[in-house]
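Take this structure first; my questions come after.
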Amino acid sequence: MSTVDTSTSPGAGSGVRAGEARRTPGLVPVAETLETTERHARPETPTPPVPSARERWAFWRLLGSELGLTFRRPRNLAMLAVIACVPVIIGVTLRIVGGQGGMGGIIADVAGNSLMLTFFALSFLVLLMMPVAVTVVAGDSVAGEAGAGTLRYLLAAPAGRTRLLLVKYLNAAIYAYAVTAVVALSALLTGLVLFPAGPVTLLSGTTITMAEGLLRILIAVGYVGAGMAALAAIGLALSTFTEVSIGAIAGTIVLVIVCQVLRAIPELDSITPYLLPTWFTNFDAVLRAPVDFGALREGLVAFGAYIALFGSIAWARFSGKDITS
Amino acid sequence: MTTVTQEAGAPFGAAPPPADGAGESAIVTEGLTKRFRGGQVAVNALDLAVPRGSVFGFLGPNGSGKTTTIRMLLGLVTPTAGTHSVLGLPATQALPRVGALVEGPAFYPYLSGTANLLRFDAADPTAPRTTARRRVAEALERVGLSAAAGKRYRNYSLGMRQRLAIAAALLGPRELLILDEPTNGLDPQGTREVRALVKEIAADGTTVFVSSHLLAEVEQMCTHAAIMRTGTLVAQGTIASLSGGLATRVRIETPDTADAARVLGTFGLADVRSEAGQVTAELGGHAPERINAALVEEGVAVRGLAVLRPSLEDVFVGLTGEGFDVDG
Amino acid sequence: MRRGTFVRWGVPIATAAVIGAAIGAGPVIAAVSGEPVLPERTPQQLLADAAAATGKDGGLPPMSGTVQQTASLGLPALPQTGVESPLSLLSGSHEVKVWYGAHDKLRVAMPTQMNETNLILNGGQAWYYDSSSNTATKLTIKGEAGKQHRLPTPQPTDVTPQQVAERLLANVDQHTAVRVINNAEVAGRPAYQLVVAPKDPGSLVQEIRIALDGENYVPLQVQVYAKGSAEPAFQLGFTQVTFTPPAPENFTFTPPAGTKVEERTLGLDAAGQQAEQRAEHAKDVADQLKVVGDGWTSVAVVPFSPSDLAPAPTPATGSADAHDPFGGGGSDPSALLDSVLKSATPVSGTWGSGKLIKTKLVTALVTDDGRLLVGAVTPEEIIEAAGTK
């Protein structure tokens, strides 16, 4: 149609030249597609507003795509693999050390029951290794796309800023739960192989059945995963402020380390309840009799507050950001 | 070439309506302005009207605000002032019907071409999942990448990357294609392919908005053009109307410049100029072959005769008084 | 656009405000809770009611809850000691869970990171279980012996507000002003607050507040405010409490498999003897103890030299013996003392010279002639007391 346009316009010269130029590329292979490709019919009327049900499916489709990206990315899988190895190493070490006898406390607990390794591994990994893995994914989520330039194509698609941010957060939260579950599963399997199965002794000195022990592991995983998801909100917020993902990742990890250092200073006891990592280890409430649901609830409220605060910061920043990368 | 009838800046309505006759604009901006933090004005009070069905060349040297304008059209950058609509809708609402290539290709290096396109298709809330694979395959075929569909993007050549980006812009039925420097970094072969593709797409009735810093490219591909300079719109209209303001000239190479000038004078050609070994004049509506015949009849030794059509570069120089930095 | 920016950032700011309000709400609501829900009482009426309520059926009603102790005494920086050192109780906050069924059914649990210490009292038998060492100690309390000597474990009654409240009420006399606040709230329950304030300006104590539950007069909280401080320097109280009988399994204890079980009959074995020795030692100290002044400004004077490792009795916490098992041979007291004395201010007067240690609530003076003066008084008062040989 544009050909018609030019030929009828005054200044026939340019029309001719344009026509000539149009024919030249016929020599190149792309021209073959002229015949083979089906033409997309141009809609006569603007497409009607999309039904909301379809929008909802589209949301899950984007989340699925995001998860596919996260869980196919070699780096993320490598982190899961490393994290899965740690409980195995701990288990084998405790098996060797615990075999010599004369060990008290948690080591004896772990050596005495296959389920205890899970709690021990969680309490050890939750301090730094799990936060690092979650932060890498969360901190990379927006900054990584911005740095690679794919963010502009996602938004032009159009993914929608709030929608994309929500998908990015859910993706990071799911990865957070995946990290937690990997630790728990790896520790559970290692424990079952290396240590005797049977009733579990709680910190309070009460004994529960193995089935109830497994249930309590499930609660612990739910709780720790929520904590990691709260950390992911911080990573996501920092991620919206930069186009260099390593900056957002390093920033969040430094924050975690600073919190852990502050917690270790007794003079600063009064501020520890406000620090996110303080609440990570509260999952030991499931090892008490009765289960200290109050402590779990407090922790979950703290996680919720962190998610709300940093989620809204991420939204405020991202929804108004000029994408210039 | 000193007299320039300037139609620049005239509202587009003055130009012939687009072929589909809708009289509707694919892109309209009014007073669109972007001032970045730090005070730098990237785009200043831009009034753009891109008719539907046109191949619209958005011409200007690098740094003249083309990309910032395109980012505003796509909702990536918030304008400081002014309004814009795309396909008659606020920009973000129209985006599902707009394909875009902004500042070169950007994909996930560890994914294949197909996986990359599926990823961007998933981001579009209006794209049906059921047809995704078919549409991706079609888009890849259209840009001639079917053979490399399963290859990781990391291993693509520059030309293949550019083509994949165009394929991403063609994933759905598009009414408007915004292509920012689509031939940037391509070899001559790749450039020709892209130009052919643009024309083919335009032939389907899709409006194509293509930015370029290459005059020749816009001249060859486009029906319409707008010229930008340091964030300001200098001129816009059909290619014909833009260059039509400048006269087409005829140049006769001859040792007998005086005789030649006289003959041209008898034809009534304006602005006859004699130089060493050649005479030029505005051609007007005269047929060059008849001028040639007359010259030969009068015994003027004609070594060569050429018709000089004005180029966009001439237009640009005429409008801005500056040379066009062709290399960017 | 600028307006849009403000609106957008309004969301996180509002979120922060809501969170801040939620964090601050507890104390604020408690402080300004408008209408008193409890009828007015004079201190005498309140004490009488409390005595009647607790005397009615032999003590406290069954309950369970979380007791929190917070201290910000403004102590000089203490060297890091074991987590369970008694000194750690002097700063920061600590939590114990309490289940109380009847006067002989009690469980106190001190949860720490991945550990828990439990004391379970059921009838004449008690279990002490420490998960970190995985040892269970069965304690049989022998009639008289149990009463004469304190347990080498924390006295359960020490951590209930009741005991502390009683101890503090004993100090009420002509030096003291007493009033009642009837709109307080502790652990979500309306409560009376008995406010005891020293009249003597030489005292470091601003006032002591004892909260009694509005319904059953169980002491819920004790707060000690130092002069010139809006936050209590010391606070012990329930953060959560329910007055329903706790589940019976809280009071039964079966040593789990693989646990080291020790049995002790108090008063007979080595630990008992040790306790006896300590009690004697404490008695020796008490014999040498001299009190200068009276009421709130009384200053305790004991012979003391830095080489003497005897624990110094302080008026606020009573005999240090009570806390000792928590320490379990924790830190080296002399090293601790050195570090404390290093930060002390040197003072001198007609009586000689010494080193002064000032905290929010307590001032201590170690004189070079081998005396230790301790009191909840201003430095001026204690220097004056040093002159009274």
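Labels A, B and C are assigned to the chains in the order they are written; within every chain, residues are numbered from 1.
Keep this in mind: contacts are C-beta pairs under 8 Å (C-beta built on N, C-alpha and C of every residue); 3 or more make two chains touch, one makes a residue touch a chain.
As the structure is a prediction and not an experimental result, all values here were calculated from the model.
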Chain ID, smallest distance between chain and overall C-alpha centroids: A
Farthest chain relative to chain C (centres taken as mean CA coordinates): B
Distance between the centres, which are taken as Cα means, of chain B and chain A, whole angstrom: 43
Centre distance in Å when chain B and chain C are each reduced to the mean of their C-alpha atoms: 82
Residues of chain C whose C-beta touches two or more other chains: 4
Touching two or more other chains - residues of chain B: 78
Multi-chain contact sites of chain A, meaning residues that touch two or more partners: 320
Residues on chain C engaged by chain A in the complex (per definition of touch): 4-5, 8-9, 11-12, 15-16, 19, 22-23, 66, 72, 77-78, 80, 88, 91-93, 97, 109, 111, 113-116, 118, 127, 129, 131-136, 240, 247, 249-250, 253-259
Parts of chain A lying in touch with chain B, wherever the complex brings them together: 1-6, 8-11, 13-15, 17-18, 21-22, 24-34, 36-43, 46-47, 50, 54-55, 57-59, 61-62, 64-65, 69, 72-74, 148-150, 152-160, 163-164, 320, 322-324
Chain A contact footprint on chain B (complex, rising order): 15-16, 18-20, 36, 53-55, 71, 74-78, 87-89, 92, 95-98, 100, 102-104, 106-108, 110-111, 118-129, 138, 141-144, 168, 172-175, 189, 192-193, 195-197, 199-200, 202-206, 219-221, 223, 238-241, 243-244, 248, 307, 309
Footprint of chain C on chain A - complex, ascending: 104-106, 108-109, 112, 119-120, 123, 199, 201, 203-207, 266-267, 269-270, 274, 281, 284-285, 287-290, 292, 294-295, 305, 308-309, 312-313, 315-316, 319-320
